[in-house]
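Going in written order, the chains are labelled A, B, C and D, and every chain counts its residues from 1.
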């Protein structure tokens, strides 16, 4: 291959895979819009009246997206430095899966199950969203969530234990005639209740059942405080730099502080990264 | 124009447009009540039984408000320093739009759509509410909300992504016979569920659908903690000492700081009360 | 009156009106149980099947409570230092109102409206609950709530403005055939939705209505963070002593600290109240 | 008994009752799975269609679990140091109760009520979960919850008072024709509303009733902030440095404290990392 082809491939790579140049950003934005529109197409096509009114327009649009994504996929393979690695990477497979339903609809006469395949395009949004990882704000959120993940898991286990016990109880109390037809169904009801969703498709009718339901609601209402408290504290911690003044060992209050607010020593030389 | 007219115009301007004199405050309070009552009239008129029982009284009251607002509008034009600027300002247009429905009902026989126009009066409340901008408490709230706006947007995008994915899944799982008639409808259901509203107009009936719904509810119940944590932390920051470093005018980070973390000046002598 | 009567009256007063002696506490606990049981009687009597099954038992119990409360009322009048002041005090009137329904049922044949009168007994619970005002924990809660009351009012006004606007919009969009029969009804729906209660007695059926409802739900879900943030911050402030170290002017961390954690000076002599 | 038997009993004890050896951990994990599967069996058996389709398989599985738990129970008795103490301990009784339903089904022909007995197996999960008490994260949660328990109780009492008053009011306002058939039923509705569950099985139909319901919803929406604020503050306290003053062993209040606020000793030399 000549040097010119190499340089062209290099340029293409920068445009398609990276987003630190103007052309790269433009490519990402156009791709984001294409993906969003193609997902929007899947959604509107699922509406019966739309599908029956505009069958040709929908088919045309679907083919347009399939061809556009095929070109993009081929360009990605062409320009990537290690082709096999791209093809078998997570995003490589997602990119391929996003094309398949369009071509498969030529051969097969599928119905609803194509939608699952076509919805895989949703995953393609993450290709662009991964850029957000460079954002500061997202980092604070992520740090706080990671730090509170374990505590929240402990909390959610307690909630699961609670709904299991209450669900079993309610199955015995309410019996089958008021919608509590099995223990899993009763646990489903307990989850609907403790999370304060409250569909009302199943609701207790016996006085004792209503009393236990009331206790469960008040519990759910009260313990929502727990995850909130956890995240608040972690969020507060995550927005602190977390390092100490080299002179007096007090914590530093603020990202980018020039001086320690305890002893007044200058922080700019070395420590405060 | 004579000097006396000028002085009268000046006085009128102070009463109508400002609220730092006694007369100005009185004018604002009377206007607020007129607006609130006129909105209340629109609301009660929308109740069928009321509209049919008192057609004359409602028509009379409507004309009373229209005439009062017309006089106010003409006085505002007359007394304002730059008339064109007032007429084409946001509040000038709102004031005009609040009059139109009354006069249009003479000519046209509209029905429900007049209500939209007449509801524009709602916007007039903000004319008076803008005074709240001088309140300290409102400022703390605003600062905290502005600071957390970006983080909450990131959070809400994640919620939107979640409901899109779960909505699509549920459309495939539940099928059309249990209310999940299209993907947008399923996404609507997912929003109703994750926000713990839970109307119950659509609810899953298959075991797998109920299982996924349960996961979604518990997620919604758990992640409400995130915006709450964000706002708590920002609120805590916004209600910080609030006084400035006497030397560099930057805000002081912490109750009881000895040194400014921006310029390193000692704070102990005088300012930091 | 002899000295013995005086001393008896004094003793009675201590038992009935105060709760710092053993007898006073016992009296309060017995009274609390009597009040709770009498309220419980009103509640169970409101159940149709109970009222029809045990008419005599209910009537007997009602007379028992009426006589017991009459004796208590007369003793209170007898032992109080300033009789007229007690009779016309808030609790004096409540005590009297709690007796009336029993005697009125002799003369009149009322139905449901007696329940309102008899429910006044609920207010009597506060007579005992007023003791809680001496509790430290209640004070922290009260201080925090008082401090955040104004901010929460500002917040709730914004919520009221939001539901008014969305309610009016939905009335126009949804029309009368899906339950949005008037603007007040639509505002009621908007409140049910924004607070995430979601009865489901009214719910949008048009796509545009469902879209706006979704926005409202997500808003309601997001802004719950605001009052929570407010109260958290005030609660954190309320649980700090709020005074400074006399030597280094740093805030004191903890109620009852012996030494300043910043400069080590002893706090026990004077400042730390 | 010979020394070999003793040593065998000792080994068995370590495996069954403790979990600090490899074999002990393995035993715990196998037991946890057995318990979870046996509970899962009870749950699936409660589904009508499953019970009628696979009666033999369910009976077999049930006997399998009963025999496995019997062997475990006998081994526990055999290896425990103080046998009577184990048999009459809380977990000893739970272990026995978990066996009974299996054997009782031989003699009696019970129906639904066996499920209650068999659900006691749920309690056995805690036998393994008690290990979590050694986890640091669980401790922070527990400390925070214990510290806020009293404040949350005060808060919940206020909520109970509120729903009692509103429930009584609504019973009088709405009357019996819209589902508010008795005061306890109305209180149940008030709890469903204030906790934002909102089943919709009962909902107000009169304008006044809907107005009061709206107030109750907004109140419920606003006061959820209170427990959240309480727990946040306690959680923040519970996750404090956590190390002790080297001199007086009291906890240190604040990151970066220079002196212990209990005994005044300087903390800067060594401990406070």
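The rule is simple: contacts are C-beta pairs under 8 Å (C-beta built on N, C-alpha and C of every residue); 3 or more make two chains touch, one makes a residue touch a chain.
Everything numeric here is computed off the predicted structure, so don't read it as measured data.
A repeat of the B-C interface exists among A-C, B-D or A-D. It is A-D, with more than half of its contact pairs matching by residue number.
The interface with the greater count of contacting C-beta pairs, when A-C is set against C-D, is C-D. Each chain gets one centre point, the mean of its Cα atoms, and the points for subunit A and subunit D are 30 Å apart. Chain centres here are Cα averages; for subunit A and subunit C they lie 42 Å apart.
The distance from the centre of subunit C to the centre of subunit D, with each centre set as the mean of the Cα atoms, comes to 29 Å.
Those residues of subunit A in touch with two or more other chains are numbered 155, 184, 187, 196-200, 220, 224, 228-230, 232-233, 236, 262. Subunit C makes touch with subunit A in their complex at residues 196-200, 228, 232. For subunit C in complex with subunit D, the touching residues are 39, 42-44, 46-48, 112-113, 115-116, 119, 122, 125, 132, 135, 137-138, 140-141, 144-145, 152, 155-156, 159, 184-185, 187-188, 191-192, 194-201, 220, 224, 227-236, 239, 252-254, 257-264, 266. Across the complex, subunit B meets subunit A through its residues 150-151, 154-155, 161, 164-165, 168, 171-172, 175-176, 181-185, 187, 193, 196-200, 203, 207, 210-211, 213-214, 217-218, 220-222, 224-226, 228-230, 232-233, 236, 252-254, 257-264, 266.
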